[in-house]
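Shared chain: chain A. Partners: chain B in the first complex, chain C in the second.
Now for the complex of A and B:
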């Protein structure tokens, strides 16, 4: 399973502009991280997705969270018990 | 609530259905529309801002976020900090069907 996850993270990293990627379980434990996103961010990433779900408790949908800065964006999405984060560079327009 | 220049400009945000303005302690200073007096949303957003500010990723070290968005299928919340105030805008999410050619 670990190899499979590692392969998916590598595949994500190969996309244009991706600086880092992270995968965490619902306890905030890091299952895998690559590139610019450190394993220490797992807890905060999971917490953000948990809090975002509380914004609209009636909605069954898990929202996408984007933390944008001048140079990059961190996108977070929860799927079942797994939270995935992708750190992407901003493409100059 | 009196209309200040800040809330007047917030009123002009396209597709907006409500807004919140909070101070750094999380106290609601102004609110409108679907977010009017929504203390629950204000509390959750304050916690999210706190986590997002602590979240540091490689290249962004020490750099605070410019905008925090929570995107649902039908609507989205956009959060930004300016002048020690937290601005939250709730907007409807416009969907464009993909074009198949």
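Now for the complex of A and C:
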């Protein structure tokens, strides 16, 4: 049932610098996770995207959230009922 | 100690929007500790309701998939999440729109809090 989603997550992982990826539903339940992103992060990722959306309720599009650390960035985006998170290594300058 | 634990559990409750109550019971549904706010449905925190999850967890462990660890029940107005922490059972009651993933992520923190309570129900 999840083969298609798994394929897309694998394709995302094959991009340069991508350390992990996660897909969650509107209940905060993990639909799929690969690499460095744990399935347990699904709830928090969904909640973060909901909260960020509340910052500008008039906006038609859901915001992209970037959580940056020294070595990597976690990017979160919600689209309809699905929230995606991509953990990417920072390219050294 | 009981008051400290209640306060801790109440703080955990406030971490998730829409989480109305947490009940820690023994296998028979007898409440060991119960924390709830005014939105919690009173019937969902009664022993008669809570013991059904204990029975469901026992049955779930007989399906050849290993020990049943968690049960999530979605209703139209509420959701009930149940952690099997034998000999204790932890039941969380929340709004149906609450973030289920966040509720499930409370498990580790609740497990730490349960260590002292275990001794109250452990049979030697």
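Definition applied: the second predicted complex is superposed on the first by the 92 of 93 C-alpha atoms of A that agree within 3 Å, B and C clash if a C-alpha of one lies under 4 Å from a C-alpha of the other, contacts with A are read in each partner's own complex, and residues count from 1 in each chain.
By our rule, a contact is a pair of C-beta atoms (placed from the backbone, for glycine too) under 8 Å apart; a residue touches a chain by one contact, two chains touch by 3 or more.
Given the structure is predicted, the values throughout are model-derived calculations rather than measurements.
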item: Three-chain arrangement built on chain A, chain B and chain C clash or fit; value: fit
item: Touching partner for A:42 - first (chain B), second (chain C), both, neither; value: second
item: Touching partner for A:86 - first (chain B), second (chain C), both, neither; value: neither
item: Superposition-derived comparison: chain B or chain C, residues of chain A touched; value: B
item: Partner chain in contact with A:23 - chain B first, chain C second, else both or neither; value: neither
item: A:31 touches, of chain B and chain C: first, second, both or neither?; value: neither
item: Smallest separation of CA atoms, chain C relative to chain B, angstrom; value: 9
item: On chain A, the residue positions that both chain B and chain C contact, one per complex; value: 44, 47
item: Residues of chain B defined as touching chain A within the complex; value: 41, 44-45, 47-48, 51-52, 54-60, 63-73, 76-77
item: Complex interface listing, chain A residues touching chain C; value: 24, 27-30, 40, 42-44, 46-47, 50
item: Partner chain B, residues of chain A touching it in the complex; value: 19-20, 35-38, 41, 44-45, 47-48, 51-52, 54-56, 59, 61, 63-72, 74, 87
item: Sites on chain C touched by chain A in the complex; value: 99-105
